[in-house]
Amino acid sequence: MPIVHISLRAGKPEAYRQAIFDGLYSAMRETLSVPEDDQFMVISEHDAANFRYGDAYGVARSADVVYIQITVFNTRTVEQKKALFRRIAELLGQSPGIRPEDVFVIVLDAAKENWSVGHGLAQFA
Amino acid sequence: MPIVHISLRAGKPEAYRQAIFDGLYSAMRETLSVPEDDQFMVISEHDAANFRYGDAYGVARSADVVYIQITVFNTRTVEQKKALFRRIAELLGQSPGIRPEDVFVIVLDAAKENWSVGHGLAQFA
Amino acid sequence: MPIVHISLRAGKPEAYRQAIFDGLYSAMRETLSVPEDDQFMVISEHDAANFRYGDAYGVARSADVVYIQITVFNTRTVEQKKALFRRIAELLGQSPGIRPEDVFVIVLDAAKENWSVGHGLAQFA
């Protein structure tokens, strides 16, 4: 039940955006062991005037930068997060071909009691 | 001062989206005792290509799934969160008629010092 | 590496939105001492039907209210957050001229291990 919000510049083809979803899903399956079809993701496309990125931290980013916010259980380890970051950059590099400089990921932690994945229940509390 | 971000597929009538706002506001009034007119909510509509959902955790979701992110004070109890989830599913089921399988809620906790609801002040610190 | 998501009503000129980005960047430089070009920000514009605000907490908000979500390291102090709120309201008041009543900020805390600002690495873990 990670939930994922992706922000990028508008104008990429649909196949490009589907590849982002697919890569993130595969990376979460492999490194967080989420169950099959645990896919809860949205993309927001932004015009240039509504999207800003910089070169801080010595990373030469481009207008293709993708901001990926992933909310997960607060039980995930540092090692899992490191593996997740590495695998996302690898898979998005393979398809749709995003440069590693342009993969920006932020993880938010939420307690198990904070999730309701349907039916008004707190399934993991 | 919960702040709410809702993501759903584009194309629902305005009355449908207003009913979501109204139901969430009522649920927060009843279960979190927020003050009158404590309504800070936005909806993002997504085309099919920018919206992905799955059937994980044995819940038969549809394209009508609604992702609801609610950021609250980190002082809320497990019981309050459970009551909130239950009431949201009930009220959105009544109007606009969302199936309980399609109500997905994630709560984010933020310390009281993390909120500024106007005037550049940290009103709750 | 704060990452910032701004939500406002659609229809403001581009210069208005750029001034919001510029003001937030300056406020973060001054109060959080972020490095040069540490700018990772997006704006989502919402139609009236997808945007709701209220007058709770005695603040007379208008349709110009701006919701600003800033995710930062969880090492920031209360004093830094207070200074950040104050400076954001000051700078957005100067340009593009947003009333202090309409500046709503919520800070989310994320551990240093939760950030990957490029290359698939956890640069701050």
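Note that the chains take the letters A, B and C in the order they are written out, and that residue 1 is the start of every chain.
The rule we apply is simple: a contact is a pair of C-beta atoms (placed from the backbone, for glycine too) under 8 Å apart; a residue touches a chain by one contact, two chains touch by 3 or more.
Just so it is clear, the structure is predicted and the values come from calculations on it, not from any experiment.
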Graph class of chain-chain contacts, one of line, ring, star, complete, other: complete
Superposing rotation of chain B relative to chain C, computed on C-alpha atoms, to nearest 5°: 120
Homomeric contact chain A-chain B: same or different residue positions, threshold half: different
Between chain B and chain A, distance of the C-alpha-averaged centres to the nearest whole Å: 21
Of all residues in chain A, the ones touching two or more other chains: 44, 108
In the complex with chain B, residue positions of chain C that touch it: 7, 44, 46, 49-57, 59, 61, 67, 69, 78, 81-82, 85-90, 100-109
Of all residues in chain A, those that touch chain B in their complex: 1, 3, 5, 14, 17-18, 21, 25, 34-45, 71, 108, 110-111, 113-123, 125
